């Protein structure tokens, strides 16, 4: 892991789309990439070049009492002679009275604002009678040139590259914005009390990810190129080769800065140390101070979470969707029908800190923190993560294997329309929709996967696929709220938007040659029905198959005819129970585990597939483990707030897992101590 | 709909007892003493075996069939709150004061029971502490299992999430 | 969904208790959509704008103002009976409003301070939020409310979905706009971190600290923020005055105000601080 | 007029009483009641009763700083919050001896224009117009006169745009601070509203012509008038308090010319001149006392109506006065924006000093006076706020007394409507005085009529 944590943040791909020299350019080397010297008086030539290249320059300027990134029209806009003093919860400008323009550290804004804007239009959904359509928004990526980007910010861009471009799913908008932006970095020759890039291995010296990098001296700048584009710029600049003295002073300045920071956050083993601290009393202590205002996440140059919001006309016929910054500190963020999975601020802070320094590593192979210190300076109550991390750092603990997702092309805005063929009522509030004209990807979908289902003006919903037909799929939906009700209200020939199939599936292959135990409750039978179809389709390849199904009352059982049909086959043991019934029900009454309390089958030969309310699954898992089923042979589905369905919006994070991308089907071994824990 | 079949169990009390979940693991002496006062009984569907509020005459182990534990809810009639199947015990109130049934147990299938008369069983347990010490934990185990199951039922996990009530927003 | 267009026009009522009328005015401030809304909804009670009156029933009743007189305490009970959906609009109806500051003081002293003949004055000792009297289906925050959020509620009712009203802190809007934090960069006390969004970070982007007119957000940790103000060199009433504004009677702010010595200019603490309205008549 | 010979009408049966009732006067901001007694066609008593929940603002501001007062007093009225902020901010700046930047002074006028625009547009089009065109509301009126309502909303929108550009939001804006503004707009911030103003000015000119054609009920009842007057400009923030009877006071000296009385059965404090006279405030008074200071476009439009004299004596014509002021505010706003240069510093520093902070400004509905006793820390010790509506109540009562006789033998509903209409013509801002009007006419001379 350690090697992994220290992995250099080679951007992916390089800002200008071409490969970056794998080995960072050491200050003392002299090759095609410099170093050159650019006189201070000629800095405006660089800006002119960029403007001639039809680029908007995003660089440092003074506004509202801070040095922020904004459009730079000329060198006059730069913070000449202005520096900053930062400490937990405080930021002040200081006048150095000299000519330097980069003699400050980092302000509240970072390039994230332009590579991952706070608000991005996604699509326009329209309904015309029965027909619906979703028109993805076309986004222009402006031609930008970032000026004054620091090493930690380059690292942050590298991390967001991994998040948005490095995974099985990619964010095209981000890709375009990155591609169209030139990056002119600046090596830090000063550091704030809140900086700790040295600990995170990201600075103070830029190590790749830039087109051009400057180191500021009194008389001007030592310049290096990191890409052909950068070298091409230099070719048009009035530069000469930097002399030894200039190179030395540049290297010396950077070295001094590194020394002032020290190593406030020892990262060796940090990942494991943190994961072992889910239950630390310290979380509650922090929560006494934490305002859960999300400022830390918003100033963080890597935090990438978002939500989708709709705005519709008075009749809901036309609605526009936008992706907006949203973060794990807000209540709505982890909400599902039933409430928030992280109702307590302590849970939210734990989610954030453990994600930054532990689960992020499992997801993306690097820390989520680059040591820029923004979250410390801009925390209204001055919580210092460096101090908190030291407080919460006991010995190592074992770490379970992370899950690996399967790639499917899909972006949050893109819904394919499908047409409802038939609707079948299952219970008073559950309907099964058979949907045709679906994207072929669905027909080859796997048992247990789900689809994001959308109708205009309502937030898209994750709905598990309850049957794969020849050219249709079934969606079994319970009216749990207005959005589901609106879908259930649809009829034959009505259209809906579909995205997917998404998520992991029941590992039916692993069950071959084993006994199969299926334990489910309520609507939890829906995602299991394809599995049962699959088992019965090739019955001879499995040993005993047992289905235990609990419902609230006899009338709340799904697929009643099919249950009867399965039972009649005789080659699958179908046991049903209900929580309450009247005299006319002669079957068992009690919780689903009651059905096998005293059964005689041997758990060690079985694989179990469990789906139902979380508390029911917990009780079931206990009963199954008591019967000798190993954690890697018990599979459960988790319900979480899924917004994008592909692990890009962050809502459904559970520990190191994205439920939508890595799940919803997990083995108990995968979940480890996450399963059944409050507030994850 | 259930395919659990009614296989005829051995008719003699000793083997019936030791074959059951309740009897398994009991010392031979214990089995012998309990079996001594036990008798196998077959009842028709509809037979009321335990009555809510009434003195429970016998402590039984269900050998086959299903017994519904019901309770009367005004305006809802008899509601089944739990069923007892083969292996489980019935009428534990016979050995727990005040010896009154906590619900009404009605056979909803042909049921075979191993019945131990409450009065004689209580005398036996009072006189033989070793026996009591091995019987009561099993009774408690069965009762606690029902308790935790009942708690889960109480949570009404499959009930439709009434978001409107939860969020105070009726739309 | 496909049936939305076919829905009957919903009967909407707008009424007021003790308030400034600014929140109902916000409805009229939806200039561009006002007539479209009037086509979509049947506004059956809106005395500020129409001579047509209706005592109900209402599909949606928007209630402005806080309960401050014995009559209002009774009126609101009947209004609740008449309303399918009761939505409070604004800080007065949702938190008691600025007039709820009197809840901290001796009522008679207040009356005498303003009126030559306090005996003429009919009012309760307290000004209290609607929810302290009847069940409220949704509370719109703000002094005044946000036109966008009002629109969202009406659209939601029309379309039949849950209104999307974010429970986040003002800070999220502030940072999305790219504003510099006035508290960190200028040392200006700001209630943004504990206040619900909806104003689009109005005050911070106008160079001021948020004064909490949208009320506490969920899980508002006012205690910690107040402690930070105190550490910044303020003491006692200099801290409490920051919270003793238009939503000062909300639970999280109220407890901070109490902790720091009550609101400024309070006449000796009302021996027993009144919690309810109808039970606290004078 | 009918009222004069009312006593001789043959349907009279002496000693029997006749009663009119209007449970609630609508299309005014707030609630209140009026009782009117007529004997032999002569109104012997007319009393506005006001008993809505008092909100104790004068007490709420005690212990508060000037800046806090600005936020609090705005909440007295959602329709004219800026008026309250203006009277208060000038009061404190006068006491603290603050000299504000000329650009800031211009912005203050611009902000006040915004409030006049939205408040006057609201009243002219949404509250008052339906009386002349015979509808229960503007929304109902829109069915037949959509273009009129849309024009009103469009003008109103410009006012809100102005306020938002300067103060962030139309209701309870946040930027006014003692010493200036918390933030001054850049010229670019005013571009949109500047473009909107051209059209709005034309619409307002049309508005004046339109409302001038609307025939009002007859009334000729001159009353004493009071307004601010400034040598160079139409009165908003500055000038002197003058009256038709020759009164001439500094804006802080209101108390030396007027007094407040607390009448039984009301939560409002009525105002009178020290010699006990009732007086009339608002557009009618301003037009009469300082029309020459109107923006040329507005002055011209007023002249074209030829109604200047009638406005003076018939309150029903206040809609014309209001339309003229609407035009004035729009035209002046346009001029101010064209000449606007952002101030070097939006706000000047100051140190509080103890003393009396008192000032008056012209709210859309008339003179608004604030008086604060301030201690050495700059905290308010005692406050007095005199809103225009409570000053106007005496005038409303006097007008009702003069007007009632002329409607007594109209059909009941029509008579009530016209009395209600007269009250509405004052645009009473009852949430300022927080009051409730319930119209009641007791006619001692008339039989128990069915009306």
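For clarity, chains are labelled A, B, C and D in written order, and residue numbers in each chain start from 1.
To be clear about the criterion, contacts are C-beta pairs under 8 Å (C-beta built on N, C-alpha and C of every residue); 3 or more make two chains touch, one makes a residue touch a chain.
Everything numeric here is computed off the predicted structure, so don't read it as measured data.
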Labels of chains that are neighbours to chain A and to chain D: C
Selected pair, greater C-beta contact count between A-B and C-D: C-D
Whole-Å separation of chain centres (CA-atom averages), chain B against chain C: 57
Inter-chain centre distance, chain C versus chain D - centres from mean C-alpha coordinates, in Å: 26
Distance from chain B to chain A - Cα centre to Cα centre, in angstrom: 51
Whole-Å separation of chain centres (CA-atom averages), chain A against chain C: 36
In chain A, residues with contacts to at least two other chains: 481-482
Two or more partner chains touched - positions in chain C: 160-162, 207
Touching two or more other chains - residue numbers and ranges from chain B: 163, 171
Complex interface listing, chain D residues touching chain C: 24, 26-31, 51-56, 58-64, 68, 71-72, 75-79, 81, 122, 126-127, 130, 136-140, 142, 146, 149-150, 153-154, 156-157, 160, 167-172, 174-175, 177, 182-183, 261-262, 264-267, 269, 346, 379-380, 431, 434
Residue numbers on chain C that touch chain D, as the complex places them: 17-26, 28-29, 31-32, 34-35, 38, 43, 46-53, 68-69, 72, 97-99, 101-102, 105, 110-111, 113-117, 120-123, 127, 143-144, 199, 202-203, 205-208, 211, 213, 237, 241, 245-246, 263-266
Contact set on chain A toward chain C in their complex: 63-66, 68, 89-92, 108-109, 113, 118-119, 127, 129-130, 287-295, 298-299, 309-317, 324-327, 330-332, 343-345, 377-378, 380-382, 455, 457-459, 481-483, 485-487, 489-491, 494
Chain A-touching residues of chain B, taken from the complex the two chains share: 1-4, 21, 66, 68-70, 77-83, 85-88, 108-109, 145, 148-149, 152-153, 155-161, 163, 166, 171
In the complex with chain B, residue positions of chain A that touch it: 337-339, 429, 478-482, 521-523, 550-552, 556, 563-564, 567, 570, 573-577, 579-583, 585-591, 593-594, 597-598, 612-613, 615-616, 619
